[in-house]
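The two complexes that follow have subunit A in common; it is paired with subunit B in the first and with subunit C in the second.
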Partner chain A sequence: MTRQKRRTGRRHPLATVALLALGLVFTGGAYAALSNGTTAQAEVDPNSQQTIEEGKKLFQANCATCHGLSAQGTDEGPSLIGVGAAAVDFQVGTGRMPMQMQGPQAQQKPVQFTDEQIQQLAYYVASLGPGPDIPSDHLVNGGGDAANGAELFRINCAMCHNVAGAGGALTEGKFAPPLTDVSGVHIYEAMVTGPQNMPVFNDLNISPEDKRDVITYLKYLQDNRSPGGIELGSLGPVAEGLFIWIFGLGAIVAITVWITAKSN
Partner chain B sequence: MAQDDHSGAELAAADSSHAAHDTAVSPGTAVITADSFENPGFPPHRPRVTDENPKREKRAQRTVYTLFYLSILGSVWAIAAYMLFPMESNDVGAVRLNNMFFGLGATLALLAIGFGVVHWGKAIMADVELVDERHPIGGSPETQAAAVKVFADADRESGFTRRAAIRNSLIGALLVFPLPAIVLFRGFAPQDQMPVELLSHTMWKKGTRLALDPSGVPIKAADVTIGSAFHVIPEGLQDLEHGKLEEKAKAAVLLMRLEPSELNPAPGKENWAYEGIVAYSKICTHVGCPVALYEQHTHHLLCPCHQSQFDVANNCEVIFGPAARPLPQLAIEVDDEGYLVAQHDFTEPVGPSFWERN
Partner chain C sequence: MTTAPSATAPQKRSFTSAASVYVNERTSIAGFVKELGRKAFPDHWSFLLGEVALFSFVVVLISGTFLTFFFQASMVEVHYDGSYVPLKGVEMSVAMASTLDISFDIRGGLFVRQMHHWAALLFVAAIGLHMLRIFFTGAFRKPRELNWVIGFILFILAMAEGFTGYSLPDDLLSGNGLRIIDGMVKGIPLIGTWTSFLLFGGEFPGTQIVGRLYTLHILLLPALVVALVALHLVFVVVHKHTQYAGPGKTQQNAVGPPILPIYAAKAGGFFFIVFGVLALIASMFTINPIWNYGPYDPSPVSAGTQPDWYIGFADGALRLIPPGWEFVWLDRTWSFNILVPLIVIGIFIVTVLIYPFIEAWVKGDKREHHIADRPRNAPTRTAIGAAGVTFYAGLWAAASSDILATHFSLTMEGVIHALQAVVILGPFVAYFITKRVCIALQKKDREIVLHGYESGRIVKLPGGEFIEVHQPLDEYDRWKLVSYESYAPLMIRPNARGKITVGQRLRASFSRWFFEDRIAPVSKGELESGHDTHH
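After this line comes the complex of A and B, so read on.
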């Protein structure tokens, strides 16, 4: 009975599903287009009272559990007074904060806030005490001297982040993340604020122009393929040795089997 | 070749009769003789398709000479690729293309010969199973006796056993002969200075300013904020005429600033730090890798080569890994102008252990 009824209907049984999917695609697309438009225009005035008020609301709703209602710090999280806008822009802008769980170090995850909200948060925290500011565009766009940046990177950064920026392991579950897809502004902010266990590289250690050169070098690495061919993650002798053990020896074993097998 | 040919069945029969003979001779206290392994001989001869089907044989023949022609093609291509993709001196990408296409050609040239020869041998050459018996290794009794006689004669005629003085002096001479070669190893170290002295001292001395690597700009104590890590060389290193790398390899220092309350200086070293700023040799005491993976919150220093860990808050004591000694600390203070300076050289040799190290 029911089967007959369904067959006599004019609509295809999947029509509802198709209609729903179509509606979702349209709504989602329109939302994405609109929200993209608004974030592109977001221009937050760092000094206005409204920005700081908005940032405070966001802070108290999203961060105060660990950092305290007025960012004074608790047993769960450090004080944020004096860390500056750069620290907030880095930690929230790369998705490390709000933190998913306590652990050896904050993990990267999808960003939880819009650019506008991140700036509001950053300027609220900056209003609590002086600290490094979000760097201006000309320092982070990669227009510096890549050769000088490479030398500074090898001296100051490569021991943890790997000379090709591929990242590396530290002690007890901590690690230096790969720098292969980090934006210039986040690299700069990481250097001035020293997130997690990374040391601070203040402007008297590596000057802003030198930081621009380091970013230029990393951008060069991001934009230029390795001249040596397949990089195998740029992890050095371990990855390369494993590759040759599996594929090199594998090929030798296969050829040996072929040579000694009797012909058909 | 034809003489060596035996049929499989003939050989199998010969072998099994041999095995039966052995079990009969065996005194046989063991109980395993019953299921002793018998040579099963050759499996029945299975002709290949190329033996039975002339078409397949033709095809195999074609494959083999095609492979050899492919090899010629690969060689020619390698020569052509070397010219078609020239190595430009300033273009790494051009070198890569050159290497890759030349290498592909050379690989094809060699691999095709190898595969062709093996395929020829497997599919086309005569297909017979045969056994080459292993010949006894020892010589005949006569040969052995003659050899013993040669030695005995030589000993008697030379007096090697009888004239002990000559023999022993020869052995002595041969033992001493390699010694000059060992002395030559001294030439690896600098000739005009004692290596132990060189390993025991660095460029640091009282009043040497700590300077940034690589610029050589001196560092003020106020520049070093909490959580910072500075990579430091002695001021003046960049102006050295020669031996710059040797000096840098010994004098490289990592400068860090902690909360002064977090430091636990060893007795006698209380004034080696300045307001929480500490300077430690960057050369690992294990095998001399640069230890510079500094974690600003745990105050751990990690050596990337063998995972030795040093605790900066506790005099860089070893907390993990193969290093045997803490990193040597450089005592620092501040001069009249606010710059960080060394109080004196390291009080112990930096880097890995060596024989004469006290």
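After this line comes the complex of A and C, so read on.
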């Protein structure tokens, strides 16, 4: 009887499994909730005076050294009047601004502000003059036509960013960064604002729907690994050549040494 | 030779024996097998590199045959309707669409396609390494000069095979590669444009080129490669294989396991190992993801567009030319930015091709050589080889200048200028360093032969003197160190008519260049007196 009793309740053989499942559901749920929280736009009212005031304070403390106290620009940095919220969201949201050092191109570093602060900054700059706004979710969620996006990408973007979005070199130390882990919002903002050495692709050049398709294609590349196996950085024949010389021929030569080794 | 059929044999004959006799009575193959099977093949890992090339070529042939069943070499435009989503509905040539079908819709197609491409890369790489081995051990000397030429032509043919194959899928990368070739052809004065129109059947890209390249790729070039490989191997059998110096190894023999059964078993097993390595690579690593490149369209060029590695040196040569070398003169455009690399590469290729004859002429040596040199014992040749490798490697690296720039955070201009210096000055630096290193190694060998190894054992003599005991070399090791040939510079002598020709003067100065700095091998006399003064 006692033995029977011990096998029920929390001592049931399946109790561990149930506990594990429960734990997984909780961690999964919490993860989903938290990651939702980070991707969803923080609740900031773009037009409220308070947002703009907060943004102004942040701007004056962190950006004014180069861009001037009222964002009019100095010898160190360009005027930000009319660049729009999208430009700020991209530059600050990807960690390029505040800039680490002057150089051929602003380097990416860990993001310095919270989403809320980035938006306050963005709407402050947007309040100085009209410019491109942060795109709405339906343009950046990757629900467009990947085939059209791929074609547009090859024609407009691949010469700098590489067909697989692996990045590429420009002149004088400048470069086009890899697009393998850039979010849809930032890709869209880059297209409309032309950060660093990138040209602006305005809405007459590539319509918002086409931009959405480009993002869809890049998201497809991000979400689907190469059907052929390990990509070797998607760098094309250079990586392939290095691989065959070092690992292919290296392995073969090791085997030839083994085959012809004299037995002791 | 053949065993007479013995009607009176009491014991039962095995099936193998009966089958062999049956075959032999009809083909007289026994003599051939006996002759070939008893050929000795010296054992050294570097002697297997040519086999690697051969085996990867066999893999290329097998996988390529599979691909021909499904590839369609046509440039007719269709709308893709296969299973790769980001290309659905995109207009492309049948060649591209059928390559995508091979990759996505034919069972095992992607695996075989990747194996074909990886094996092709390994094929050319193995040829390259094999050639370096032949060069640095002097295995191209008489009687093997012609086989060097055949091998080098095979290398060129392999590159042509590779390039035609690279161009077949009609994707963006291959189209860009063809456009560069088209540009190079058009850069040739007078005949350039005509030749380009002839190749492409009209203005680039036209609708002909894939079909034409396909014929070259699967018919003409493989036939030439197979024929020359056969000839190459016949010569190996005729000449015997070279071997490294050692006791019992002479110019007249070849020491090693016989082809049958040991060597054949090893080589047969090795084929499957090469096949296996290639299959493993093909199953795990993407190569030439044409689905990323998309169909060819003359307007886009992707960042990081490069040829396959073996054409890289030519691409690099184009990249290293400074701006402004193209100008208009006599109402014609003169593209020296294209002509100079073409000419320099042409000279380089011809020099490598005829190098055995140059060296033989400089030496005035008409003897046969079957003992392979250790690279250090031919310092000038080794140094010339190192200079050539540096030159080639500089051009090769230049083909990846953009990737060097992004991955090492350099400026593209800096990379180009550095590589220009490597290509022009590097060979001289490499020549000088290599020659000095070779001579220093020869001196070290001499020292070891005469005095043995330092044993680290210090002995105090009765007189109070401390000496380190040197351990003498055993005879087997000594043999390897002393048996090489040393050449002295040729003396200028008047010919039968009492004249000194310009050719002779030239030859004498080349000979001085080759052999002025030299370390003679230890002679018998030195060895004996060296043993006497044992300290």
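As a working rule, the second predicted complex is superposed on the first by the 222 of 264 C-alpha atoms of A that agree within 3 Å, B and C clash if a C-alpha of one lies under 4 Å from a C-alpha of the other, contacts with A are read in each partner's own complex, and residues count from 1 in each chain.
Note that a contact is a pair of C-beta atoms (placed from the backbone, for glycine too) under 8 Å apart; a residue touches a chain by one contact, two chains touch by 3 or more.
The structure presented is a predicted model; accordingly, all values stated were derived computationally and were not measured.
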{"item": "Subunit C versus subunit B on the shared subunit A, clash or fit after superposition", "value": "clash"}
{"item": "Partner chain in contact with A:G229 - subunit B first, subunit C second, else both or neither", "value": "both"}
{"item": "Touched partner set for A:D133, first subunit B, second subunit C, both or neither", "value": "neither"}
{"item": "Partner, of subunit C and subunit B, that touches more residues belonging to subunit A", "value": "C"}
{"item": "Touched partner set for A:W245, first subunit B, second subunit C, both or neither", "value": "second"}
{"item": "Which of subunit B and subunit C A:T256 touches, first, second, both or neither", "value": "second"}
{"item": "Partner chain in contact with A:N205 - subunit B first, subunit C second, else both or neither", "value": "first"}
{"item": "Touching partner for A:T171 - first (subunit B), second (subunit C), both, neither", "value": "both"}
{"item": "Partner chain(s) touched by A:N197 [first = subunit B, second = subunit C, both, neither]", "value": "first"}
{"item": "Contacts of A:G149 with subunit B and subunit C, given as first, second, both or neither", "value": "second"}
{"item": "On subunit A, positions contacted by subunit B and by subunit C", "value": "151, 155, 159-160, 168, 170-172, 176, 227-229, 259, 262"}
{"item": "Residues of subunit C touching subunit A in the complex", "value": "43-49, 52, 85-90, 103-104, 110, 114, 118, 121-122, 125-126, 129, 172-173, 266, 269-270, 273-274, 277-278, 281, 283-289, 291-294, 297, 299-309, 312, 399-403, 405-406, 409-413"}
{"item": "Residue ranges of subunit A in contact with subunit B within the complex", "value": "151-152, 155-156, 159-160, 168, 170-172, 174, 176, 194, 196-202, 204-205, 227-229, 258-259, 262-264"}
{"item": "Subunit A residues within the subunit C interface of the complex", "value": "104, 146-147, 149-151, 154-155, 158-164, 166-173, 175-176, 217, 220-221, 226-232, 234-238, 240-245, 247-249, 251-253, 255-257, 259-260, 262"}
{"item": "For the subunit B and subunit A complex, residues of the former touching the latter", "value": "46, 48-50, 92-93, 95-96, 100, 118, 122-123, 127, 212-214, 219-220, 223-231, 256, 290, 292-298, 300, 302, 304, 309, 320"}
